[in-house]
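We call the chains A, B, C, D, E and F, going by the order they appear; numbering starts again at 1 in every chain.
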Amino acid sequence: MKVTVSRKAHFNAAHRLYNCEWSDERNDDMFGKCANPHFHGHNYELIVSVTGEIEPETGYVMDMKVLKDLIANEIEEAFDHKNLNEQVPEFISLNPTAENISVVIWNKLRPHIDSKLELEITLYETPRNFVTFKG
Amino acid sequence: MKVTVSRKAHFNAAHRLYNCEWSDERNDDMFGKCANPHFHGHNYELIVSVTGEIEPETGYVMDMKVLKDLIANEIEEAFDHKNLNEQVPEFISLNPTAENISVVIWNKLRPHIDSKLELEITLYETPRNFVTFKG
Amino acid sequence: MKVTVSRKAHFNAAHRLYNCEWSDERNDDMFGKCANPHFHGHNYELIVSVTGEIEPETGYVMDMKVLKDLIANEIEEAFDHKNLNEQVPEFISLNPTAENISVVIWNKLRPHIDSKLELEITLYETPRNFVTFKG
Amino acid sequence: MKVTVSRKAHFNAAHRLYNCEWSDERNDDMFGKCANPHFHGHNYELIVSVTGEIEPETGYVMDMKVLKDLIANEIEEAFDHKNLNEQVPEFISLNPTAENISVVIWNKLRPHIDSKLELEITLYETPRNFVTFKG
Amino acid sequence: MKVTVSRKAHFNAAHRLYNCEWSDERNDDMFGKCANPHFHGHNYELIVSVTGEIEPETGYVMDMKVLKDLIANEIEEAFDHKNLNEQVPEFISLNPTAENISVVIWNKLRPHIDSKLELEITLYETPRNFVTFKG
Amino acid sequence: MKVTVSRKAHFNAAHRLYNCEWSDERNDDMFGKCANPHFHGHNYELIVSVTGEIEPETGYVMDMKVLKDLIANEIEEAFDHKNLNEQVPEFISLNPTAENISVVIWNKLRPHIDSKLELEITLYETPRNFVTFKG
């Protein structure tokens, strides 16, 4: 009797799309205005979903207060009001597309969540573009 | 060629999180302000999703008017403007967490929906916390 | 050159609609299921709007971090996860309709905001019902 | 390491629910006011989701600009500000329920998306009714 | 001490933009694809706002259940699942732009609301286009 | 018989809050993490509202297609995927707070809109922070 519990959070960040092994021209061709060297930014909306059995004593799959604090400490603290390309170590040489950001978030949260629970990340880059990663 | 059809509904209710086999202190430790003995409440947003084949004659998986009325009769009638702990029999001895409420809703709707159709419940307790149960 | 700055917040609370000078029957006639003596509850969404001149040095009408903290201290601390009728002194003898709650919030915030600034409260009781009070 | 990328779009259209092999009476019985011969209409909100591996060079599963243009050319161009029953060939003899529209959209997009990628369509007919089709 | 209370409602309808005193060519020039003679449609989201003093006995400006029923009887009954141009008398010779629809709604509701109360209509034609009329 | 017509648009941009006449320390004290010299960013949601009489022939206050194109040419073209501090001339020496951005947008649009029409700008910096400027 598995249930999925989900918690929404958000962070604001600057980024640019850029493959550091390509020429600037090739980056411009591929990423267009997203490659702007002066950066642009987003209000990222994040949904963290955890799936597992309900614990009979608490009626919880996972305490949402614990999940909320975990997201605040591991993700918001690291990403909020930051320049992803310049200030977040994972993106020094990794292009901060929504796809890659969702994988990095999954990797940062996975060690902190009981291994019996499945983890899924949904990340809205804009109200019209979003990605989902299940590990 | 299976399609999932979903219908949103809502109800407002009071509740508290409370394990009746625990002391008040242990409830406070575990559930914090959610254990407030005077209750608090939520606008629950409910999504009921039904999956099955499209009937060729109607183009429907299930008539959404029928699903809307079913949710109104079985769920809204029982839960809306109620105190879940005190006035809904299923929660007399079951902690009304979002997880448990989603299971109770699934169990209340399942007998009324054709067994060929799969049923999934998504329940928003707040705009930032929600759960999903597939049976 | 006046600008209005607005900040959204929220709190969850239980309440019932009840005029303590009326009989139970008259309360039931007037307020229907909202008068349920076991209470029901809502996710209240609150928008606090402050209007005034932009300060040239900061580019702010009012620092939104200050406004956010003010709402947390004065409103969320007092109302969140509470039973409005039983635990919030303002509603011991005042019916906690959305209209009256918005006036109480305005009165609680007004002394903490510079008198040169206008204050407006918008309060969503449900996604479909909301009220606005400008003082 | 599969990721799902999703893009939202929308179109406005008129339709009526109608099985052309049934009598008007039977259509009225089944579809009620949705069978109104003068038509009614909706703001359809469309989510197109594509699942596959992240390309290491770009960090993309699929370029969202390409997906946006594909939806504009294949779906919005064909459906927006149209009468689905009278002006969209697929629905001349197929009842334009949300279920059938989602299948038609899937079929129109499938040939234009790399066969290594999975495709899923979510279509909101109203804010409270929506369908999902995975092929 | 005036408060504004607002109630959201919705209706789905077909329409076309068309000035019946103009040639088809001139209508096409002015209204583009909105003049499609086969019609298109929208999910109209309606907000009805009423402003006045709080009645001390009830704590209400106006009973929202009464307002909800009034909107259902006067507006939803007349407009929902209808073709505005062909089936709603007010638009036989009046172009059903969002502006004109908001004025018609205001005129239909005004006689049913206490003259001491101010009335305002907000109408969303799409999530990105909306109008407001205060009489 | 005045009606307000509103159009939503959006742009993504990087910025930092910074008064160029202050020391870095004073900027840090005042603006906190919003002063990050590496920038952060937002999905700005913009609502442009125009108020005036309905033209009897068209039923329009202002053609929304014209307003949509005007916003695209004057605002989205100038701000979208840009670094406001470094690439938008108006903010070279003006702090790009939401308040100041709304005034700049108003000034950029005002000359292009008929002087008989009133103009109002609402700008969401995040889903929880927004400003309104009426000129």
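Here is the rule we use: contacts are C-beta pairs under 8 Å (C-beta built on N, C-alpha and C of every residue); 3 or more make two chains touch, one makes a residue touch a chain.
Quick caveat: nothing in here was measured; it's all calculated off a predicted structure.
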Legend entry - Shared chain contacts [subunit E and subunit F, defined touch]: C
Inset, instruction - Note the rotational component of the Cα superposition from subunit A to subunit D, reported as an angle of 0 to 180 degrees in steps of 5. - result: 120
Legend entry - Cα-centroid distance, subunit D relative to subunit E, in whole angstrom: 28
Legend entry - Inter-centroid spacing, subunit C versus subunit A (mean Cα positions, whole Å): 34
Inset, instruction - Indicate the residues of subunit E shared as contacts by at least two other chains. - result: 127
Legend entry - Interchain contacts (touch definition) - all pairs: A-B, A-D, A-F, B-C, B-D, C-E, C-F, D-E, E-F
Legend entry - Parts of subunit A lying in touch with subunit B, wherever the complex brings them together: 1-9, 49, 54, 57-61, 64-65
Legend entry - Residues of subunit C defined as touching subunit E within the complex: 17, 19, 30, 32, 94-100, 102-103, 127-134
Legend entry - Residues of subunit D touching subunit E in the complex: 10, 12-15, 33-34, 36, 38-43, 45, 80-83, 86-87, 126-127
